[in-house]
Every structure is written in structure tokens, then in C-alpha cells.
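In C-alpha cells below, several structures.
What follows is a pair of complexes built around chain A, which joins chain B in one and chain C in the other.
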Partner chain A sequence: MKVKNLLLNIAPLIGLLILIAGYFVIGRINDINVAYGLKTIVNQSVVVAVVATGAVFIYTLGAFDISLGASTAVSALMAGIVYLKTESVGLMFLTAVCVAVLVSLLNSVLAGVFHLPVFVTTIAMLSVLNALALLLLNLGGTGSEIKVPQAAVKSLDTLWFKLLVLGAYFLFCFFLFDFTPIGRRQKFLGGNPLCAKLTGISLNRYSVIAFVICGLGVGLGAFLSIVYAPTLTRNTASSVGMDVIIAIVFGGMPVSGGARSRIYAAVIGAFSMSFLSQIMVMLNLNSGVGQMVKAAIFLLVVFIAAGERKMKTLPR
Partner chain B sequence: MGEMKQARPTVLEVHHMIKTYGSTKALRDVSLSIREGEVRGLIGENGSGKSTVASIIAGMQKADSGSMTYRGKEWNPKTMIDALEHGIGMIVQESGTVPGISVAENIFLADVDRFRKGPVMNRRKMMEEARRILDDIGAEDLRAEMLTGALDIQSRKLIEIARVMRQDPQILVVDETTTALSHRGREIIYRIMRKMREEGKSVFFISHDMEEIMKECDALTVLRDGEIIRTFDRDEFEEEEIKRCMIGRELKGDYYRSDDDSQFDPEVVLEARHVTVPGGEPLRDFSIQLHKGEILGIGGLSQCGMHTLGKVLFGAIKPVDGSALIRGEQVKNEADAMKKNVGYVSKDRDSESLVLQAPIGDNIAAGGLDRFALGHILVTPGAEKAYVNAQIESLEVKCQSRKQYVSALSGGNKQKVVFGKWIGRGSEILILDCPTRGIDIGVKQAMYQLMAAMKREGKSILIISEEMAELIGMADRIAVLKEGRLEKVFRREEHPQEADLIRYMI
Partner chain C sequence: MKKKLATKVLSLILTGIMMASVTACGSGADSSSAGSSATQKVADPASDAGTAESTDAAPAEAAVPGEPFKIGVLVSDATSAEALGRRHYLEDYIAKAYNMVFVYSDELGDSAGEKAAIETMITNNCKAILSESSFDRPAQIEQCEAAGVYYAVGSGALDAEQYETYKGYTYYVGSVGPSDATEFETGYQMAKYYLDQGVRNFAIFGGATVYRNSMHVNRVAGMLKAMVDAGGEGASYQGMTDPGAIIGQLMADGEAKTGAIGDVTLSGYLGGYDMDDAWFAKGAEMVQAPGVEVLLAVGSGSDFFGTATNGTDVKIASVDAYAQDYYEAMANGSLDYLAGKFSAYDGPVFMALYRAVNGNPLRDPEGNAPAFDIGYWISTSAEGCKEMLDLDGDIDHPVWTMEELNALYDADYAAFEAFVGDYAFDRIR
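For the complex of A and B:
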């Protein structure tokens, strides 16, 4: 049983290693430049990994934020406008982080004040943010784009910088999640909010903390999005929201949150998805087939996770 | 009784049943049988295997090996629904109702289509039918159209009973159901069991309450560590011998407190001052004081307000009038109560006191993070492990390790984990709401001795209980509530009897 539990715990990591091995093997067979592909994979993964790592704090509570992609886009657009006004990369960075944290804070405060499920407030926020993104494109740009000069961020557009940002944020979250009362209490809240309340743990307080941490990740993600693609349009970070959800589940995070939540799920999931996508490109599978393969794997992961849960709750 | 044994045929037999969960052997070669018209008690310590064998009979899970016969044919139900359709129903320990739908919909949960004609659901007919079933079992005050989520545990349990009884089972399994019920709810179950006996049907009755099991059963099978130790016929019932079989030794030492001394410090540590809380379990201008080193018992009928009192004193319910005070200071919320060294053990253990899908360690540590985290910030694995293991060892929690999930523990060990959460952080005042509910006598004795030791250390305990013997055996003073008001306070030296308490409860 211990071996089985261990295998279930490390299954997402094993999955990632298999995908990495598959990527190199298929690359070698098809004589593809795997080094260039790796750069693409990091660029694809890093924004999702950063945003998803923060989102783990929200998922751990058993909550669900659907507005993360839109929040990333708005933060990036605001930051882009600030750069165009000030030509300061530092202020652009600060703006991205502050806007994202504020949006996140607003989500959690609204949920707390109106006693609504976070999911509901984030649906409303998604609409507001989408409208705001269009407004920002009109106000600060040409109506269709906001163009931060490539030269301003070129020195940051390196794999090492991106991996450094991801690594630093991941370590920060890892510390909070596994080595401070914050993470412990959030897992407890996700497991049983009523019991947590009767153990002196405030749902409102820890929701706000989770959203602030997540907001920080969204802000970093927004900044990295600008660094990778400085021309900001309606499509900036458009797929991040859904990718974050898929990455977290891929990484072995239980959708119900609680004690089995793992901070590394986001990073493993994000990179697994990117390797999978890249493998499908190498196999010349069109995007429709690729999406179906992803959906099938998504369902498989949830099925296995649910099966494990059922097994553990058998009566005695 | 002997005549019945000879005249009535065997209706169900279990042969050499084995069941394991990982490394735990829950059943080791269990064989038993039940006759028509027999009420068979199954008794044993938590984790002895009684619920496991019952759940296999009722189709909840499958045995690893062994066989069953029901009315002479092989019995191997696929699911609980399959078992019930063929005549064997079970009322489970855990709550099995859906909160967001009506009482009637819960009663007909998997069978609502019978009220459907084409696309139209005949709700009126479903409500009428549900009302008839509720009346039949004696739960007339439950309304079919009520929302299940708004009901208390007892009412939800009555819905489960109605759901099973509407199928007219030939064998009924009652698994520790009475622990969730008040006197009235228990009477409903007893009436159902007696009626089934008269009609030649059979009942497996699982309970930790020795008194009720000896009163209601025709025979009693004792299980220990997954094995049948002995089956007693009614004329062989002898409490001490049954207890000895259950725990495998004589129950030595004191069960309740042995002293007759109700001395305690005059310092008031916890107080309800003119507290009023409206609702189904109200408090009306209620005042009481708990002193340092005192065990204060709170008793009454289930809806008398005593459970509300526990939550008010812990800051979980805000009274509309009056206040809850800890050492003279008003309690703001649960976190504030914890800062003031108060702990609270809820009556509803699985829903309110534990995260079942979390390890034992997480549950114990959750209460003490401010105690062992360095500077209240850094949780080191070593400090956490030492803190948790100290509680597991001192309370003798039977588990594989601190990483084992609480859901896999027996009721008594779950309650030990709850105690560990509060004792570990050094709570000076404990509010215990039905702390021994669903717990076997061995663990009960350990809990009582723990309370007595805490009193000797100058700690204060407010024990809310529906078991009068427990209040009489443990408390320095017993406050009896009726309809949210304080009716009477007994002191230990007065040696109150159960009848004295009941007089003020009703």
C-alpha cells in the first residue's frame, strides 16, 4: 500500500519525465532541433507555471478562479501603458504586479463581503476584465494593440531570466505552502471549512491571503508575457486561464483542494502540457487532434485521482 | 427465547468471512447467522469489525473471501440498493442524505421516477407518500417538503430510516445509529426493531450502549480485532462478562471519577451571562459559570439548547443578547477563544471536529501551529513531528503512523485525535459536546480518566452530554436545561439519580 501511495504521489512527475524522454526520442527519430524546441517549451510553460503556482493557493481552499487569464491580460496592458508613459521597465513591472494583486484582492473581498462562492465573483470579474482590456487597448494603444518597444525588454527575454523568475516565485510559494502556518491552514480549510472555522481558522482571512499570493503570480506572469511578446493585443494571455486549470490538474492537484494539494503540481503540469503539445507538433498531429488528446489525458488524470479518493474512503 | 431459537429458521448465514484494508485485517474468518424474528446485537470496541461485517451483508462492500447465504441461496449483493431490493437494508453510521433537496426527495432518492408521468413529476403524490412513510416510523413532526440541509443530525437520520423502511426489509442493519439520536429518536428505532421481531423479520443492531443493547437484543455477538469472541443468548447476558470479552481483559481501575469531592477554585474562567439565542435549539436569558478546576455537566433533552451553549461559549455563535466571557473578557470568535486557551470538541465529530481526508498529523497540528511554529512563522518538519507524535503517544491513538488518514480510523481513535488537537496546545478550558458519543467502553474509560486528571491539574471542563450516567459520574455540578432555560443545578455531593435529572428535563 505504501508503494502504491508513493507511486500515486509521484505519478505526475513520472508522467513529465516520460514526456521529456518521449520528446527527445521523437526529436532524434525525426531529426528535429530539440534545443530550439526546448526554448519554445520554456516560453510556453513559464507564464502558465507562474500563474498556476499562485493559483494552487486558491485551489487548495477548494475554490476556483476563472478570471486568471483575463487578469493577466489586463495587468499586462496596464503595465504596457505605464511603460509607454514613463519608459521605465521598473514601473512597468510594479504596475503589472500591483494591478494583478488589486484585481485578486477585489475578487476575494467581494466574495467575503457578499458571502458568495469565489467562483461566482470570478465569473463576474471575468466579464469586467474582458471589457476593461478592450477599453485599455482603445485608451492606451491603437485600439488593437499596445506596443512596448522590443528593445526595452530584449535583455530580459532570455531563458535564464524567465527560469529565475519562475524559480524565485516557486521557492517563495513552496516556503509559504509547506513551511508556514499559511499553507497548513489553507489545506485544512480546503479539507473541511466548518472544522477549520471551529479550529479558529478564518476563511475570509485565508482567502484574501491566497488571492494576494496568486495575484503576485499573475503580475509576474503578465510581466513575463510582455517580455516574451511586447506587442500586446486582445489575444495576450488569452489561453492562460484555461491552461492554468489544465496544468494544475495535470500536475496531480485534486480539484477539491485540501490535504492532498501540492504546490509543485502547477510547475509539473505546465511543463507536461508544453512537452505534450510539442510532441504532437513533432508528430504532425493537427491542433484538433492535439486538443482531443489533451482532453483525454485530462479526463484520465481526474479519473485516477477520483478513484484513489474512493478507495481511501471505504467504510471500516 | 429458547423456544424462538428452536422454532424459527435461520435466514442469513455468514461463512468464514475475511476482509483486509491494506495491512489491517478487519475480519478474520468470521462466521455467524441470524434467525427469523431475531434481534442480534453486534458489539465490540471501535475497529473490532462489526461495521465491516454488517456493511458486507448489506452490499456496501465485498469480502476478500468467505461466503453468505440468504434464505438458503448464495447471497452476494452488488450494491446497497441491490441488497435492499432483495430484502436487506442498512442504516449507516455516517450521514447519507443529500442536503440540497427535500425530505421526500431524499426518501425516494433513487426512485423518484416512479412519480413521473412522461415529463411531469407528480410532486403532490410524492409528498403524500413520504408523509405516510414518516408517520409509519413515528416521525410525524418531520415535514416531507422540508429542505434536508436545514435539519439537524437526528432529523436527517430519521430520513435515512424512512428511506430504508419504505422498502420493507426482511433484515435490517442498524449501525450505531442511536448515537446520533435523542431519547425520542432512539424510541423510534426501538419500536421499529420490536415490530420487525413480531413480524418475523430480523435485525442486526450495532451499538456501544450496553444498556440499550442488553435491553433490545435476543442475542449478542462480541467481536474483537476482527474475530468473533463469543455469542451470548439473552439468558446469558451479564454486563461484566460482555465487557471482558469486548476488551479482552477485566476493566480495571475507575470508570468514572472515584472521588465524591466537588471542590474547585472560586475563580470564574468561563461564563454565559444572560445569553439569548433564537432558533430551533434556543437559549433564553441563560446564565452559568464554570470555575477553575471544575467539571461542569450540562444536560437536557436534545433540543434544549445545550449544544448551542457550547458554541456560544467558544465564540462560534453570537448571541442576540447577553455575552460569553472567558476570564471576564468577552469572547469575539473561535480564534479569540483559542488565544484565551479554550478548546471545543463538537458533538458532530466527522463534520465539525476533523478533516477526514487529511492525515492524523495535519488534524492534530492544525490546532497547535501557533504553539510549535518558530516565531509563529516557520513550521519545521522536526518540530511538527515531535508535537504530533507526543499527542499520538500520550493518548495512545491506534494508527500506523501520523501520516495515516483520519478517515481510516475507528470512532474512538478519531475522538482521540480531536482531543489531541486541543490538549496538545495546552487548553486550560475544554468545552466537550458529547465527547464519548459512539465510543467503546475502553476508550470511554480512558477519556473519563483524562478529564479527571485535567481537573486535578486545575483545568476546567464543561461537558455537555445526553448520557446522564456520564454527567452523574464525572461532573462537580450538573446544570439541567429545558427549552433554553436553566431548570436546576445539582451538586456532586447531592448524589443525584437519573430520575432526578429527568424530572427537570421534561
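For the complex of A and C:
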């Protein structure tokens, strides 16, 4: 039983290692540019990994934020506008983080005040943020784009900087999640909210904390988005919201949160997705087919995870 | 317990079958769908040729002057008639003729998508990028220059400032497409065609003018300038008669202002591509307004407003490409004038990339990357449209064949420029 549990716990990591091995083997057969490909994978994973790592705190509570992509976009657009006004990269960074945290806080406060499921408030927030993004494009840009000069962020568009941001944020979250009461209590709340409440743990308080930490990740993701592609449009970060959900599940995070939540699920999931995408390209699978294969794997992962959990979940 | 196990196993088998099925589908004929920025479709002419042996012969018997390689194609529009036509030419003619592989991006929506797509293409050994997506062309050029991958703009052009910046880059191959001046002239001639017939009341669909897209801004500016010229003494648009001033005003406003231009009236204007009910209602209101005789569209006017003009005398003029839908629209009267691109538009730019990758880059006499201008085919009748459509759609004998393109392999700048400029339908047919 212990071996089975261990295998289930490290299954996402094994999956990632298999994908990495597959990438190198198929890459060698197809004679691809492996070094450039690895850089590509980091570039295409890092924003999702950062945002998803923060989102783990929300998912651990058994909640679900659907507005993360839109929040990333609005934070990036606001930061872009601030840069165009001030020409300060530092202020741009601060704006991205502050706006993202504020949006996140608003989500949690709305859920707390109106006693609504977080999912519902984030759906409303998604609409508001999408409209706000269009407004910002009109106010601060040409109506279709806000263009931060590439020269302003070029020095930061390096693998080392991106990995540094991801590493620092991951360690911060790892510490909070695994070595402080914050993580333990959130797992408790996610696993059995009633029992947690009876022991004096406040759902509202830990919701706010989770959203603030997630907002920090969204802000960092927004900043990294600008660094990667400084021409911002209504489609900026449009896929991040869905990619975060997929990455978290790919990484082995239980969708219902609770005690089996893992902070590293997001990073493993984000990189697994990118390796899988690159393998699809190498196998000449067009995107429609690739998406379906990913969907099938997604279902498979959830099925295995849910099947293992069904008999163990405490009554809620 | 056994029942549960059986259910699990059955579910796993079904999932496996689903995966196997979709994978099998993908490994077959894959000519219709595009890949995402991270997952792209690869057109493999070698395998295609193998399966097509009994149907289509190789496009040409002429010797290929250089070595084949992979080209990544960035597209922000994967489904329009224009995009499909050009893709058909590249994948079904050029790829087979030159044994090339074209790796298409998915329909790109922003500059991050463009960058990710280029990264994936370079990873997969694309030696050149043909860009038909313009969210951030400077970033694309810089990225390709840094990676040592050749880059060209297809069916478009850099603006003057961008061209000055990048014309000397080693890996910037150049552009073949309508310049801003050509776009202006296209709008001008479209409006003039009706003004010469005595039409005095227009509506304009300005498309991406609201996003300050220079292509659409110049087309609208050309239309307005034609109205100014035909509007009689003292006619002006917002007090302006100079093309540069009109373009500047459109860039500032993001739209054309309705009102009198001398004795010509611009009754209605609609921009953007909201495509929701409210937007279509505005469009219907615009074309059905009293007095409107012609809708001048910077894009596909008949697709968006053809239904609204049914049962009216309002004529529609569009800029797009030669496609069956437009012939049918012309035949049934919902389209009256078409300035269209043809499918082989990308032939010369392909040859420019082909030369560059094979160590024979084309430069102008000053040593800069070329920016070749090319215009549209104009048709004002269903018969004329059909004639152009038939020529454009003949993939065995396309507008620009392998033999003609081969002649460009060693051509100097002047000869290349003359070839591209000689695109008129009457000459080619």
C-alpha cells in the first residue's frame, strides 16, 4: 500500500520525466534543435508555472478561480500604461504586482461578503476584467495594442531571469505551503471545511491569504508576459487561465483540494504540458489532434486521481 | 469491487481508443487544420507526393535550382478566402515543386503567440520564416536575426520607419505585398469607380482603421481623397485635402467622420470587427439609411453586409481575394466590385527566401533588403470575376509557375522587381 501511495504521489513527476525522455528521443530522431527547444519550453512554460503555483493556494481550499488569465492581462496592460507614462521598469513591475493583488483581493472579499462560491465571483470578475482590458487598450494605447518598447525589457528577456523569478516565487510558496500553518490550515479547509471551522480556522481569512499569494503570482506572470512579448493586445495572456487549470491537474493536484494538494504540481504540470506540445509538433500532429490528445490525457489523469481518492475522502 | 474494477478498465480502454483514434486521424491527411503557436501542422510534400501519385502529377519537370528546407509560416488569419488561397498555393504547388516543407502556425492572436510560434519553428529546424502576421513585426525580425533564421514579410510590407530600421539586417530578406501607397490607391480607385458613374452618397466599412491598421487606414484615406477630388470646388474632408493630412486624421480618430465632402455625402461609417448582434445591427442601419447608394468596404463587405443590402439598390465594393464565394456574391448581385489578391501572391517572396537560404540573397543596389510593391486584380462583373477565379484556382498552372520562379533564382534586383510588378491579370492570362 505504501508503495502504491508513493507511486501515486510521484506519478506526475514520473510522467514529466517520461515526457522529457520522449522529447529527447523523438528530437534526436527528428534531428531538431534540442538546445533551442529547451529554451522554447522554458519560455512557454514559465508564465503558466508562476501563475499556477500561486493558484495552488486557491485550489487547495477547494475553490476555483477562472479569471486568472484576464487578471494577468489587465495587470500587464496597466503596467504597460504606467511604463509608457513613466518609462520606469521598476514602476511597471510594481504596478503589475499591485494590480494583480488588488484584483485577487477583490475576488476574495466579494466571495466573503456575499458568501458566494469563489467560482461564481470569479466568473463575474472575468467579464469585468475583459471589459476593463478593452477600456485600457483604448485609454492607454491605440485601441488595439499597448506597446512597451522592446529595448526597455530586452535585458530581462533571458532564461536566467525567468528561471530566477520562477525559482524565487516557487521557494516562497513552497515555504508557506509546507513549512507554515498557512499551508496546513488551507489543506485542512480544503479537505473538510466544517471540521476546520469547528477547530477555529477562519475560511475567510485563509481565502484572503490564498488570493493575495495567488495575486502575487499573477502579477509576476503579468510582468514576465511583458518581458516576453511587450506588445500587449486584448489577447495577451488569453490562454493563461485555461493553461493554469490544465497545468495544475496535469501536475497531480486534486481538483477538490485538501490534504493531498502539492505546491509543486503547478510547475510539473506546466512543464509537462510544454514538453507534450513540443512532442506533438515533432510527431507532425496538427493542433486540433494535439488538443484532443491532450484532452484525453487530461481526462485520464483526473480519472486516475479521482479513482484513487474516492474511497479516502473524508465526508464534507 | 470487481464491478468497479471492470468499470475502471473499461473506461481506460475507451480513453485509449479515443486517443488512438484521434492520433490516427492526425497522422493521415492533414491539409485542413492549422497548429497552435506551440503545436504546428507540418505539410510533408514527400509523403503527400507519395499518396497523390495517381492523381496529380508533380507541378513541373523543371530542375530545382537550390536545396529544399523548412519554412515556418506565421498566420493571423487561417480561414479567410485570401489565407486559404495562399496556403493552397504554397502547400499544394510550391511544396511539391521544390520539395519544401511548410510549417504553419495556428491562427495567431498576439505578439506572444508570434514569438512562441517562431521559437517552435526554429526548434523544428525551419530555416526561414514567412510572416503573414503583424502584431509585432519588429520583434519577429529581431528574434529571427538573433537566431540566424531568414525572415520575410508575405502579402504585406513594413512601414517606412520599420523598413529604415531593418533593411540592412542580415537575415531580413524583404517583403512582397501592397505598400501603403498601393492601399491608398486601391481605396481611391474603388471610390472613383462609383464617383465617375455619378454616385454621390456612400457608406464606408473601415474594418481595422479603429486599430490604426495602416493598410485599412490607407484604403479609407484613398476613398475619402477620391470623394474630395470629385466633390467639387472647395470640397474637403474635415477641412483637409492633402492625402497625408487625411491619413493623419484617420490615425488620430480611428474612424472616418460622416458628413458632406463637397457635393458628395458620406452617410455612414462602421469600423471594427465586433461581429456581435449590435454590430451587425449598426451595419444594417448604415447600409439601409436613406440615400446610401454604395458601401465601400476595406475588407469583405459582402460577407458582413450582403444580407442587409438584400432587396435594396445599395451596391457593395470589397477588398479581399479571389474565391468562389465572391464570384457567387457577384453573380447574385450582393457584390459589385472586388479588388482581390490572388493565391500565388507568395511566389516571389518564397523565391526570395529560397535564394537567401541557399546562399544567394537578393539585395537592392544599395545592399538593402527589397520591399516589392504589388497590387490587386479588379473585377466589376461576375464574368470578369469568374475569369480571374479560374486562372487563380488552377493549381496545375498557377499564376506564377515554377518555371517563372526559377528564372528569379539568379535574377538581379531590377529583373526581380519587374517580375513582381508585372502582375496584371491581362498580362498573365
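Assume the second predicted complex is superposed on the first by the 310 of 316 C-alpha atoms of A that agree within 3 Å, B and C clash if a C-alpha of one lies under 4 Å from a C-alpha of the other, contacts with A are read in each partner's own complex, and residues count from 1 in each chain.
The rule is short, and it goes like this: contacts are C-beta pairs under 8 Å (C-beta built on N, C-alpha and C of every residue); 3 or more make two chains touch, one makes a residue touch a chain.
None of the values given here were measured: they were computed from a predicted structure.
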First, second, both or neither for A:46, with chain B first and chain C second: neither
Winner by number of chain A residues touched, once chain B and chain C are compared: C
Partner chain in contact with A:56 - chain B first, chain C second, else both or neither: neither
Which of chain B and chain C A:274 touches, first, second, both or neither: second
Which superposed partner A:246 touches (first chain B, second chain C, both, neither): neither
Chain B versus chain C as contact partner of A:180, first or second or both or neither: first
Which of chain B and chain C A:191 touches, first, second, both or neither: first
Which of chain B and chain C A:89 touches, first, second, both or neither: neither
Chain C-contacting residues of chain A that also contact chain B: none
Contact set on chain B toward chain A in their complex: 21-23, 26, 47, 51-52, 55, 60-61, 92-94, 314, 316, 333-335, 337-338, 344, 346, 351-359, 362, 365-367, 369-370, 373, 376-380, 405, 407-408, 410, 421
Chain B partner contacts - residues on chain A that touch it in the complex: 1, 178-181, 184-185, 187-188, 191-192, 194-202, 258-260, 309, 312-316
Chain C partner contacts - residues on chain A that touch it in the complex: 30-33, 36-37, 39-40, 43-44, 142-145, 147, 150, 225, 228-233, 235-238, 274, 277-278, 280-282, 284-293, 296-297, 299-300, 303, 307
Complex interface listing, chain C residues touching chain A: 8, 11-12, 15, 18-19, 22-23, 25-27, 30, 33-36, 38-42, 44, 106, 109-116, 119-120, 122-125, 135-136, 138-139, 142, 147, 208, 210-213, 254
